[in-house]
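The structures considered in this document are given below.
After this come two complexes, each holding chain A, first together with chain B and then together with chain C.
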Partner chain A sequence: MNFKSLLMSTAAASVMLGASSIAATSGSHEMAPCDNCANEMTIVSWGGAYSASQKAAYDDPYAAATGVKIINDESSAEAVAKIRAMNEAGNVTWDVVDVVAADALRLCDEGLAEEIDGATELAAAPDGTSADDDFGALRVNECFVPQIVYSTTFGYRTDKVGDTPPTTVCDVFDTTKYPGKRALQKRPIDNMEWALYCDGVAKDKIYEVLGTDEGVAQAFAKLDTIKGDVVWWSAGAETPQLLADGEVVMGSTFNGRLFSAIVEQKQPIAMLWDMQSFDLDGWIIPKGLSPERLARAKHYVKFATDTQRLADQSKYISYGPARKSSAPLVGKHETLGIDMGPHMPTDPANSSNVHLYDYGWWADNRDDLDAKFQAWLAK
Partner chain B sequence: MAVVTNFRPPLINFVVPMVALLVAIVGFFVGLTHLNGIIGLLIGAAIGGAVAYIIGNYIPVKWQGVLATAIAFGIGGYMLAGTIGLFTAGLFGAFVGHTVYWLSSGQYRRNVPIYSTSGQVLWHNTFRLGVCGFIFFFLIAPIIIIIPLSFNAQDFFTFTKEMLALDPKGYSLKHYADFLTNSSWTEAVKNSFIIAPIATLLATTFGTLAAIGLSQSHVPFRRSIMAMLISPMIVPLIVSATGMYFFYSDVGKFFTDTVGLSLGFVGYAKVILAHAALGTPFVIITVTATLVGFDKSLTRAAANMGANPVTTFFRIQMPLIIPGVVSGALFAFITSFDEVVVVLFLGSAAQKTLPWQMFTGLREQISPTILAAATLMVAISIVLLTVLEMLRRRSERLRGLTPA
Partner chain C sequence: MVDQTASNSQLQAQDNVSLLTTHDGQPLKKSLAKALRREKLRALLLIAPLLLFIFLTFILPIADMLMRSVENDIVSNTLPQAVVELQAWDPQSGELPPESAYVALAADLKIAVKEKIHTRLGSRLNYDKAGMSGLFRKTGREMRKFDDNQPAKDQFISFDKDWGEIETFTVIRRLSPNYTDSYFLSSVDRERTSLGVQMKPENEQIYIKLFIRTIMMSILITLSCVLLGYPVAYLLATLPTKSSNMLLILVLLPFWTSLLVRTSAWKVLLQQQGVINDLLVWIGIIADDNRLVMINNMTGTIIAMTHILLPFMILPLYSVMKTISPSFVRASKSMGATDWTTFWKIYFPNTIPGIGAGSILVFILAIGYYITPELVGGTSGVFISNRIAYHISSSLNWGLAAALGAILLFLVLALYWVYDRIVGIDNVKLG
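Right, the complex of A and B next:
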């Protein structure tokens, strides 16, 4: 998969140039005017610190430059179901929607998302590289314009692990060395892979093994060893809360949430980057918009995914920009003034051992394993 | 009720063991968290007995005894748990001191007949203070606990060390500032105060009219019509919400695309109409209940005097059924103000109400801003209810009635 090599090269570039302060130079003068465009739009995202970073990096500059009124919805968690319902009812109220790559695959396959032409409808890199080449393999299909690379990884309470902090993801499964509760996401994805990996399955064989009934049983058997110590979460905000309360010693969540708990909230928490699971997040435009609204949505997506804007977002949250050309522009945190590079999931120090979540494989096996996982949980 | 003023219970045989028991129970829990339950129990019993004995024999003036116990307990609490211990133990000390006087002066028998047995007196006081106290605690504690948490200086639902030590650094008004300045919250407040009052007005008008109509004996199919009007209250909300979603999608599209009304206006209209439909049954029920006691001959008398039906309604019927209308309107308002399912289905983000914002806020970001919002809403409700009660008493005074 060239996904990984791409992520690595992105990271390398970001480190080489480090916190170069080319940031915040190119302004909105390059933006083409939008003819016959709607003057109001609804942007759907995930809420919390993530939405705040998008508002600061994309929405505010866009609204200032165009005078468009932007309404923010925080319904990305149920994006697929809602877009289906809106499409059925013929009443699409969303203009631009932030979704994970797996959701984008489903929406595009079902014909619920507009195709966006990388050559004409997205901005080229400053050096003239086309948008499609700049995004590379991260642009998983024609509907999806990637924005960030994030990871699901572990954080642990520094004051509850003694003198030997955990160093590998398998420490999560070691309840004698690290007694206490752990927070895991209430879904099979990542948990099954981590279980197999810690049960001795080679990293490149994980999906092969998970494809068999014995492999699934093996993963559940490994998860059984910690089942009594697991707090299952479903919203990204839960693990930071549980860690801050001291209810769990370690827990998985999105790396940006941990960054905010550690660096902004100064909680006694540290990151465990080993076997972090990479994923992508980006924009889609739902089908069924009026021509004026569609034109406005495309105009916004072109603006919000250019090289400078993607780099700007990393000033507010520790997610890596999806464009290769944005990496050298990653700078310091807007208010704290710390270098964001070392907090990115793609930083070489953090990504020496990563887990590449295979969304293609999961798209085929998700329903089956979801059912098995729920049955296992209820046992 | 007989007031026992001369009765003085024996100090050693009654007051000392009772106070010892009270402090022993609390001592048990303090002991559990610090060292050992049984040791805490024994120490508590000893302290309680000693306090009762000393006060009973040497400190006849109440305020001096209460103050002395509070100070003594406060110092003990401070040594055990710092500032927070000083306050809680001090309060508990004052309570213990008060209890000693309450018991030794015989006041605990004040509200029971003189012939009651000890068992009856014990039950009377256990029920009044113990059972009722626990019920109140059970109802109020979950609401009270959010108030200090909303002043948390951190972004978590956690009592931090600084907060427990009552360190000013642990407290902050930043979540209130966020609530009052963050556009997500201010927009949500604005939307709630647009949608709920209009929905209430519609629900109250239609509900009152329907109740009056259905109370006329000549209306055919009264029961079936009533059942139909009440149904939004009975059908599970998620079912009505799904139905309304598809119904209002088509209606909304007609009004935006064909008639040419603006998207925002139609969006609000959809949510308001849906909320009005949900609130109407409450108004129908409360108004129907007050109409039962309404004397029909009054309307006939009014008609006899030459008043037309509209005048009769506003001058005669309305003033008499107004309590039912007002309580129905309150229910309708609360239904709309608290409602989250229908608005999630029908509304677009432009109609985001306060419960919607709280719901997404809890799911996506467990932020104490929700607690700040909740605290403000609790405060507003208390003020609102107090004002209503004062107005009610005032109007009763004006009408020459003594407040009930």
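Right, the complex of A and C next:
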């Protein structure tokens, strides 16, 4: 699979060069001037540590170089609905929006996002590789410019699992060995796949099985075995909190959230990387901008997704850069001084067994499976 | 207008003799009506800005949203020719549509792909049949290979085998009218199949259950607000001013605090490693390994929402109780009634308008609540509004969200009507 081999090569490169910790140099980058561009722009993202990393790696250097006034909005969680509403009202107030790949697919399908030409509107790698080749399969469609690879994975309380910490995702389904509550995201995506995997379905057959009624029933039957022990979360910050409070012994969330709970807040939590589910985050530009604003947005995206900028972001947060050429530049954490390589979801030690979340499949089956999942939850 | 003059002239004919007129010779009745009408118009002018504002920001958006629950012109707009061809085709025949339908589909899709609207249609059809979104996206990519001189049907089936499925065309044909009842059917767990309207499979039924749960829990929350709020309002109304002011501040302070803060506070209190459980374990009432589950379920939602909505019950009750003269109670007691009889026969009936007002406020607010159930409701404590929010912000199925919202709106109106019949809306006093 294209996607997988790309992720693996990204990982390999990050270890080969990242482990020898080549310090990231904020090399000066020749930026083409932006003609007839707006002087103000609104950038929408997720808030928290993630927005802070983008501000440090992209916004501040961009504003310094161009003098553009950047307004930050933290509405990415409801970006799809808001962009559609703005588009219908004919008043688009956002210029660049950070969304996950599945949302980018929806926005592009609905004709709500601009297409961005990889050859002319994105920066090539330093060695001349075109942007499209550098991103490879991570550019899930023409509207989406990926930034980071993150994963949804498990963390567990080190003091509540005894002498035998969990090693596989199936330990989540083992309530006799690891009694206590587990936190899972309140959506079918990932949970259904993990359930099937732990019920003995081969990894490459998961979506084939999930496409049948029997497969769906099988996944729910497996989830039924832990249903009474699950706390369902809808915001990524909930799991670290639940773990810190001791409300759950293990829980899934985004790996960056666990990184900050473990490394920055020194909580007694450890990562369980097995069957982590890779996902992507990146930029889209909403349709319906004036020519000046569109030019500004494209100019920003070209700058913010070049090789150096993507590598810079990983100094602030443990998400892997989406460009192959950025991997060797990943260095140490800006303030803590620790090597970021081993905390990246793409690190080979962490990614020996990963789950590749299939966007296309979910785009087709999400409405259907979500209805079933909600009915199952309410049962 | 015509009626009025007609009846006026009749009146004139009847008592022509005794008719009172103003100084300019007009009948007094007519002149009065004219003056009153002018006054009414002037009053209307005064509130015209407000009416206009409400119309533009409230009535229009609601009407627009309600329209979305039945609107469905996307199919006939995107595939105008294919829709006509498919009307002539009989899905029951067991055969695929004729070649002409595929040719029309190709012509429509070529335009749609150029305008990049085919994927939007795919998302719409996907609500009714899983896989349509992928089918249209894939076909859109393949359309540039389409050769007009080759048979269209075979080419489509080579693009994706779903184009060889009768079901695909049945769905397109069924959704081709400009208005659809499919969203409303989905909102009551039903669907239209070739056999007519049927219940959805059991593993997809959810909305009726959620509607019933929303109403039952809202009633429960309203009742607990009455039970908890009544004594507090009574104290507020009867204590000396100094202490009652203090108490009023205690009621209002949480009212002014952010909803999110109060909900999170309940999380801290109610969770298994939370304050209440810790306290109970420390006292020794419950064992450490047997802590109570009071959050992420129905209990959590009812406790948190009762607390949040309590001021809406206390304040109307208080303002009604304040107006009940203490001499009623004294008179009753002086005539030998017991405390209970005095309360039940004299005091309580006087507070019913306050209970009515408080209950309506709390119930209507509760039935549309969304944030608190989302945060503390787990799976057994979520409301229908959580699904509406999901369809607005995540699945983008606005038609279904609008249909669910419309049903909720009509449920509230129906309950309001029942309330009016039983209690009487005149019997409500907000202050």
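Note that in this section the second predicted complex is superposed on the first by the 368 of 379 C-alpha atoms of A that agree within 3 Å, B and C clash if a C-alpha of one lies under 4 Å from a C-alpha of the other, contacts with A are read in each partner's own complex, and residues count from 1 in each chain.
Throughout what follows, contacts are C-beta pairs under 8 Å (C-beta built on N, C-alpha and C of every residue); 3 or more make two chains touch, one makes a residue touch a chain.
Computed from a predicted model, the values in this text were never measured in an experiment.
Look at A:D60: by the touch rule set out above, it reaches neither chain B nor chain C. Applying the stated contact rule after C-alpha superposition, one finds that A:D368 touches chain C and leaves chain B untouched.
Contacts of A:G360 after superposition on the shared chain: chain C is touched, whereas chain B is not. By the touch criterion defined above, A:D73 reaches chain B but does not reach chain C.
Using the contact criterion defined above for the overlaid structures, shared-chain residue A:D159 touches neither chain B nor chain C, since it reaches no partner. Of the two partner chains placed by the overlay, chain B and chain C both lie in contact with A:D245.
In the superposed pair of complexes, A:E208 makes contact with neither chain B nor chain C.
Shared-chain residue A:G111: touches chain C; no touch with chain B.
In the three-chain superposition model, chain A touches both chain B and chain C at residues 77, 245. Every residue of chain A that touches chain B in the complex is listed here, in rising order: 40, 42, 44, 46-49, 51, 71-75, 77, 85, 89-91, 93-94, 235-238, 240-241, 244-245, 265, 267.
Of all the residues in chain A, the ones that touch chain C in their complex are 77-78, 80-81, 84, 106, 108-111, 181, 216-217, 220, 231-232, 234, 245-247, 360-361, 363-372, 374-378. For chain C in complex with chain A, the touching residues are 116-117, 119-120, 122-123, 126-127, 130-134, 137, 203-206, 209-210, 271-274, 296, 374, 378-380, 382, 387, 392-397. Residues of chain B touching chain A in their complex: 154-158, 184, 245-246, 249-250, 252-253, 263, 267, 348-350, 352, 360-361, 363-367.
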